[in-house]
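Paired with subunit B in one complex and with subunit C in the other, subunit A is shared by the two complexes that follow.
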Partner chain A sequence: MRDFWRSHQQQLAPWLFLLPGVLMFLIYVIIPIFQSMNISFYAWDGLGAKEYVGMANYVELMDDEAFYISLKNNLIWLLLYMLAIPAGLFVALFLNQNVYGIRIYKSLFFFPFVISQVVVGLVFAWFYDPSNGLFNIVLGWFGIDPVAILADEDLVTYGIIAAGLWPQTAYCMILYLTGLNAVDGEQIEAARLDNARGLKLLWYVILPQLRPATFIAIVVTVIGALRSFDLVSIMTGGGPWGSSRVLAFYMYEQAFSEYGFRMGYGAAIAVVLFAIMMLYIAAFLYKMYRDEGGR
Partner chain B sequence: MVHNKKILASLVAGASMLATQAFAGELVINTDTSDPAPKAVFEAVIKGFEAENPDVSVTWNLFDHEGYKTSIRNFLTADAPDVANWYAGNRMLPYVNAGLFEPVDDVWAEHGLNDSLGSAAASMTIDGKKWGVPYTYYQWGVYYRKDIFAKNGIAVPTNWAEFKAAGETLKAAGVTPVTIGTKYLWTAAGVFDYLNLRTNGYDFHMALTKGEVSWTDPRVKATMNNWKELVDAGFFLENHAAYSWQDALAPMVQGDAAMYVMGNFAVAPLREAGLTDEQLGFFQFPVINPDVALAEEAPTDTIHIPANAKNKADAKRFLAYVARADVQTEMNAGLGQLPINKGSSVADDKFLQAGYNMLSNTEGGIAQFFDRDAPAEMAKAGMEGFQEFMVKPERLDKILQRLEKVRARVYN
Partner chain C sequence: MFPRPIQKASPAAQHLYKVALPVALLVWLLPLIAVALTSIRSQGDIVAGNYWGWPTSFNMLENYTAIFQQTPIGNYILNSFRVTIPTVIGAVALSCMTGYALAIYRFKGNLVIFFLFVAGNFVPFQILMVPVRDFTVQLGIYNTISGLALFHIAFQTGFCTLFMRNFIKAMPFDLVEAARVEGVSEIRIFWFVVLPLMKPAIAALSVLVFTFIWNDYFWAMVLTQGAETQPITAGLNSLNGQWVSAWHLVSAGSIVAALPPVLMFFLMQRHFIAGLTLGAVK
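After this line comes the complex of A and B, so read on.
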C-alpha cells in the first residue's frame, strides 16, 4: 500500500485534490441533469405517483404555443443582450482615464450590477408605469400618449431586455476595465509611432489584446440571456397573457408556480433549454480548444 | 411568545419526568396569515385555544402568504405540522387525492358541525368525506363610489341594461366605469365568474369549471359576448394589464373610476386611502339573464389536518375550537369577513352586513372562485385567456379554442 502510494503519488495527488470539487459537481450539477431528463418522461405533480408517459411531454411541447413564444423571446434576448458588450466596452474606454475621483465614477457605473435583479426589475417596472412612470412623463413632454410597455405584447420583451441591459452593461464594463489595465502600453506607443489612432488603434491594437475579456463577456452575457428569469418574474410574471415568457420562466411556471406542478413537463422544457445551452457551450469549448491548440 | 411557552412547558415537563406526555400535548400549526389583520386574529385564536386547553402547547409557524402556496407541498410531505390552513373547493383536491389531508368527518359529527357549518359543507366535501373546517368567507360584488353615482344621477343598476347605461353616463362624465388591474390575472376571473353566473347560472358555471362543458360551447360565447360589449364600450380601466389589483384602487380613490368588481378585502385598503362609508357603497352584480337564479361568489378559507400530523388528537380539538360560533364571531370581526358558523354574529359593518344579507338569500348557489373551482392548470390558462380577451377581444375564438385544448388535456 505504502509502496503503491509512493510510486503513484504524482498521478494520484491531483485527483485527490480534485475529489471534493468533483464530488460536489457530480451531486449538485451532473446527477440532477440526468434526473431532470428522467423526470421529463413522466407525468408527475411532485406529490403523487409518477406515471411513465414516454415522449408525451415533448410531443405536447411541440404543439404548445406558449413554448414557441418563450423560444422566440429567448432568441430576442440572446440577440439584444449582446448589446451589453459594445456598451460595456464603450463605458470602460470612457472611464479608463486618470482624472480626479475616477474611482467614484467607476463604482457608480458598476452599481447596477451590485444591486439585486429584483430591485432592478422593480425600479424599471415603476419607470414604465403608464400613469406615474418617468418614462411616460418624458414621452408626454414630446406630446406622445402614454405607452404601457409592460402591458403590450409586442413591446414587453424589449422593455424587460432594456432593464436587463443596465446591470449587464456594468458587468461587461468591469470585465473590460480589468482587461484595459493589462493592455501593453509599449504596443500602443509603437502603434502611435506608426501613425495609428482612433478607431483603427482600437480595432487593430487594443481589441485584440482585450480578447480574453471579450471572451468572458460573451460567455456571461449569453448565459445571462438564457437564464433571464428574475426580471421576467418580477416585472411581468410572464404577462401580458404569457407574451413575455422565456424558457427558464416557463419551466418554473409549469413546475413550481402557484398553478403549475407539472414536474415532467417543466423538466422537458429544462431539457430543451439545456440542449440549447449545450449547443452554444460546445461550440465555444471547441473554439477555445482550437485556439489554444494552435498556439 | 408562543414559542417561549413551549420551551417553558417542555422544561417543566422534563423536570417532572413526563416528557412523553408533554410531547403528546405539543401542537404545530402552520398558517399563511402574514397580513397584519389575519396575523393578529390567529395570534388571538391560538392564545384563546391555549387558555382553554392548558395541557396543549402550540408552536405556530407563520409563513408569507404567497410563499405558503409552494411551501405547503413540501411541508405536507416532508415535515407535516398538525394543523395547516388552506382553501376550500378544488384548491384542496390535489392534497386530498395525494392522501396528504386527513378526513375529519368525526369532528364534524361530534360537534354538530353538519348543522352549524352546513352552508359550507358542500365545498368541504370530496368523495363523500369532509377534509377540513371552514372558518371564514367573504362576498364578491361591485364596490362603487356612491358620491360619483349621485353626482351623475345614477341609481344602483339592477339589470344589464341599467348597468350599461350607468357606464355610458359615467363615461360621458369622464369617469372610467370599472377599474381593474389584471397584471396578476385573477381579477379578470372575478369578472368572468360573475358574467358567466349571471348569463348561464350556477350549474353551468360549475359544469364548465369541472370540465364537463366545452369552452367553445355557444353558452360560453354568450357570456364572452356580454363581456365584449363592456370591453368594446371602453368600460374598463385603460392599460389594466400593467396594474395589480392594489394599483387599480388608486383611480377609484381619486374619483377617476367609479366601480370595482372585487372581494370584500378591497374595503379595508379603500378606507385606509381615505374613502368614507358615505362615499363607498356595495351592490350585488346586476342581473343579466332574468331566467337564471342569482348565484354569488364567496371564497371560503379553511383549516386542515395533514395526514402525516403527529398529534391528530389535539389537532382535532383545535379544529373544533375554530368551528365554534363564538370563536368564529371573534375571528371574523378581526378579519373583516363573514363567519361560517350560523350561530356566529356578523360584525357591525355595513359591507359585512350587506354581504351577509346577500349571501343568506342566495338561491342559485355559492361559487368559490374560478381558480378554486377549476383545477390549477385550467385556471391558469383560463385567466390568461381572460386577460388577453380584455385587451384583444377580436381574438375570442382563438382564445376559446386554446382553452378547449387545455380542457381536453387537463380533465382527460
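After this line comes the complex of A and C, so read on.
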C-alpha cells in the first residue's frame, strides 16, 4: 500500500486534492443544472408527485405576457448596464492622479460596490421617494414636478438600473484604475512626442493597453445584468403590475412565492435565462482556452 | 501616466481639480449621505416631514439602540457571521487544494475540470434554485445555517478555484521540482512548500468571499426563513416591510448591515482590490 502510494503519488495526488472540491461542486452546481432542465418538463408544486407534461411549460411560456415583459426588461438591463464600462473608465481617468489624499478618494468612490445590493436598493428607494426623497427635491430646484419613479410603469426599470449602475460603475472604475496603473509610460511619451493628445491618445494608445481590464469589465457587467434580482426584489417586488420584472425575479416568483409553487414552470424560465447566459459563458471559455495556448 | 499629471497643468486647472474632487465625491455618494443623515433623525422630524432641514434633535443613539431593541436585527447580524465565516474557511480550504491540483499537475481532464469550475461560477442562480432547495430539504437542513453555508461553500469553490489555480500557476515551478528531487512527498510539498506562498491569495479570497456571502440575498431567501436563521440581507427585507416609511429606522438598519463588509474592505483594502482586479493586467 505504502509502496504503491510512493511510486504512483504523482498520478494519485491531483485526484486526492480535487476530490472534496469537485464533489461539492458537482452536487450543488453542476448536477442541479441538469435536474432543473429535467424538472422543466414536469408540473410540480415542490411537494407532491411530479407530473410529466413534456413541452407544455415552454408552450405556455410562449404565450405568457409576463415572460415577454421580463425578457424585454432583461435586454434593457443588459444594454444599459454596459454604460457602467465607459462610466467606470471616465471616473478612473478622473481619479488617476497623484495628489494629496487621492487614495482615500479612490476608496470612497469604490464604496458602493462593497455594500450589499439590498442596502443599495433601500438607499435608492429612499433617494427616489416621491414626497421626500432627495432626488425629487433636487428636481424641484429646477422647477420639475416630483416623479414617482418606482411607481411608474415606464420609468421603473430605468430607475432600478440606475441604482444598479452605481455599484457596477465603481467596480469597472477599480478595474480600469488597476489597468491604468500598468500602462506603458514610454509608449505614452512616444505618442505625446508625435503630438497625440487627449481622446486620440486615449483611443489609439491607452485603450488597446487596457484590453484585459475592458474584457473583465464586460464579463462582470453582463453577468451582473443577467443576475439582477436583489434590486428588483427590494425596490419594487417586480411592480408596479409586474412591469419591472426580470427573468431571474419572475422565475423566483413563479416557483417560490405567495403566487404559488410552480417549480416546473419556474425551471423552464430558468432554463431560458441559463441559455442566454450560456452564450456568454461559451465565449468566455473560448477566450480562456485560447489564452491557455489551446492545449 | 495617463491622463497627464495635473501638476503639469496650469495653476487654474490644478485649483479646479482640487475643487472638483470633493464635489464629485459628494455627488457620487449623495444617496448614501442621504441615508446616513436620515438615520440620525427623530421620529418627530420624520412624521412632521422635516427630512432635510436642520434636525430638531440628533437621535443617532436612540435610533440605533431602537433597532437593536425592537427588532431581531442583532440576531440577523449574528446569523450572517455564522454563515459567512464557515463559508470563507470552507471555500478557501477546498480551493487551495483544487487550485493546487489544477495548477501543478498535468493530467488528462485537467482543463475540462478547470473550465467546469469557471463555467459553473457564472451560471444564473435560478437554474440551481429548485434542485438545491429540494436537496437541502431532503437532507433535513432546510432553514438551517449549515444548509445555507454548505451551498455557499460549494458555489464559491468555483470562483476560488479559478483564482487559486491562476495564482499558483504564476509561481515558479522550480520550487516544486526541487522538492520532488529531494524526495519530498506530494502532500508535504503542498503543505510546506506551496501553501506558505499562497498567503496573499488566501487573504484576498477571504475578504472577497466574506463580502460576497455577507451581501448574498437570493440564497438567504431561498434556503432560510424567519429571524432564527436568516442573515441580515433577508432580515432587512422583512424589516423593510414592517418599517413602512419609518425611514429613520430603515436607514439605521441599512447602515448597520453595510458596516461589516465596509470595515473589512477598509482594513484589507489592498488584498480586496488585488482579488477583484485579478486578470485586469496582463
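The criterion applied here is as follows: the second predicted complex is superposed on the first by the 257 of 295 C-alpha atoms of A that agree within 3 Å, B and C clash if a C-alpha of one lies under 4 Å from a C-alpha of the other, contacts with A are read in each partner's own complex, and residues count from 1 in each chain.
Going forward, a contact is a pair of C-beta atoms (placed from the backbone, for glycine too) under 8 Å apart; a residue touches a chain by one contact, two chains touch by 3 or more.
All values derive from a computational prediction rather than experimental measurement.
Chemist: In the superposed arrangement, does A:46 touch subunit B (first), subunit C (second), both or neither?
Modeler: After superposition on chain A, A:46 lies in contact with both partners, subunit B and subunit C.
Chemist: Please work out whether A:173 is in contact with subunit B alone, subunit C alone, both, or neither, and reply first, second, both or neither.
Modeler: After superposition on chain A, A:173 lies in contact with neither partner.
Chemist: Tell me which of subunit B and subunit C touches more residues of subunit A.
Modeler: Between subunit B and subunit C, the winner on subunit A residue contacts is C.
Chemist: Figure out whether A:256 sits in contact with subunit B (first) or subunit C (second), or with both, or with neither.
Modeler: both
Chemist: In the superposed arrangement, does A:92 touch subunit B (first), subunit C (second), both or neither?
Modeler: neither
Chemist: Classify the contacts of A:130 with the two partner chains as first (subunit B alone), second (subunit C alone), both, or neither.
Modeler: A:130 sits against subunit B, while subunit C stays out of touch.
Chemist: A:151 contacts which: subunit B (first), subunit C (second), both, neither?
Modeler: first
Chemist: Return first, second, both or neither, reflecting whether A:165 touches subunit B, subunit C, both chains, or no partner chain.
Modeler: Touch partners of A:165: none, neither subunit B nor subunit C.
Chemist: Could you give the residue numbers on subunit A that contact subunit B in one complex and subunit C in the other?
Modeler: 46, 129, 131, 256
Chemist: Can you name the residues of subunit C that touch subunit A in the complex?
Modeler: 1-3, 5-7, 17-18, 20-21, 24-25, 28-32, 34-35, 38, 49, 51-52, 94-95, 97-98, 100-102, 104-105, 107, 110-111, 113, 115-120, 122-135, 150-151, 153-155, 157-158, 161, 185-187, 190, 211, 214-218, 221-222, 233, 236-237, 240, 247, 250-251, 254, 257-258, 261-262, 265-266, 269, 273, 276-277, 279-282
Chemist: Of all residues in subunit A, which touch subunit B in the complex?
Modeler: Contact set of subunit A toward subunit B: 45-48, 60, 65, 128-131, 146, 148, 150-151, 236-237, 239-242, 256-262.
Chemist: Which of the residues in subunit A end up touching subunit C in this complex?
Modeler: On the subunit A side, the touching residues are 9-11, 13-18, 20-22, 24-25, 27-33, 35-36, 39, 46, 93-94, 96-99, 102, 105, 107-112, 114-119, 122-124, 126-127, 129, 131-134, 137, 166, 171, 174-176, 178-183, 185, 188, 201-202, 205-206, 212-213, 216, 223, 226-227, 229-230, 233-234, 247-248, 251-252, 255-256, 263, 266-267, 269-271, 273-274, 277, 280-281, 284-285, 288-289, 292, 295.
Chemist: Give the list of subunit B residues in touch with subunit A in this complex.
Modeler: Against subunit A, the touching part of subunit B is residues 66, 69-70, 73, 76-77, 94-95, 97-98, 100, 182-185, 238-242, 250, 371, 376-377, 379-380, 384-385, 387-388, 391, 402, 409.
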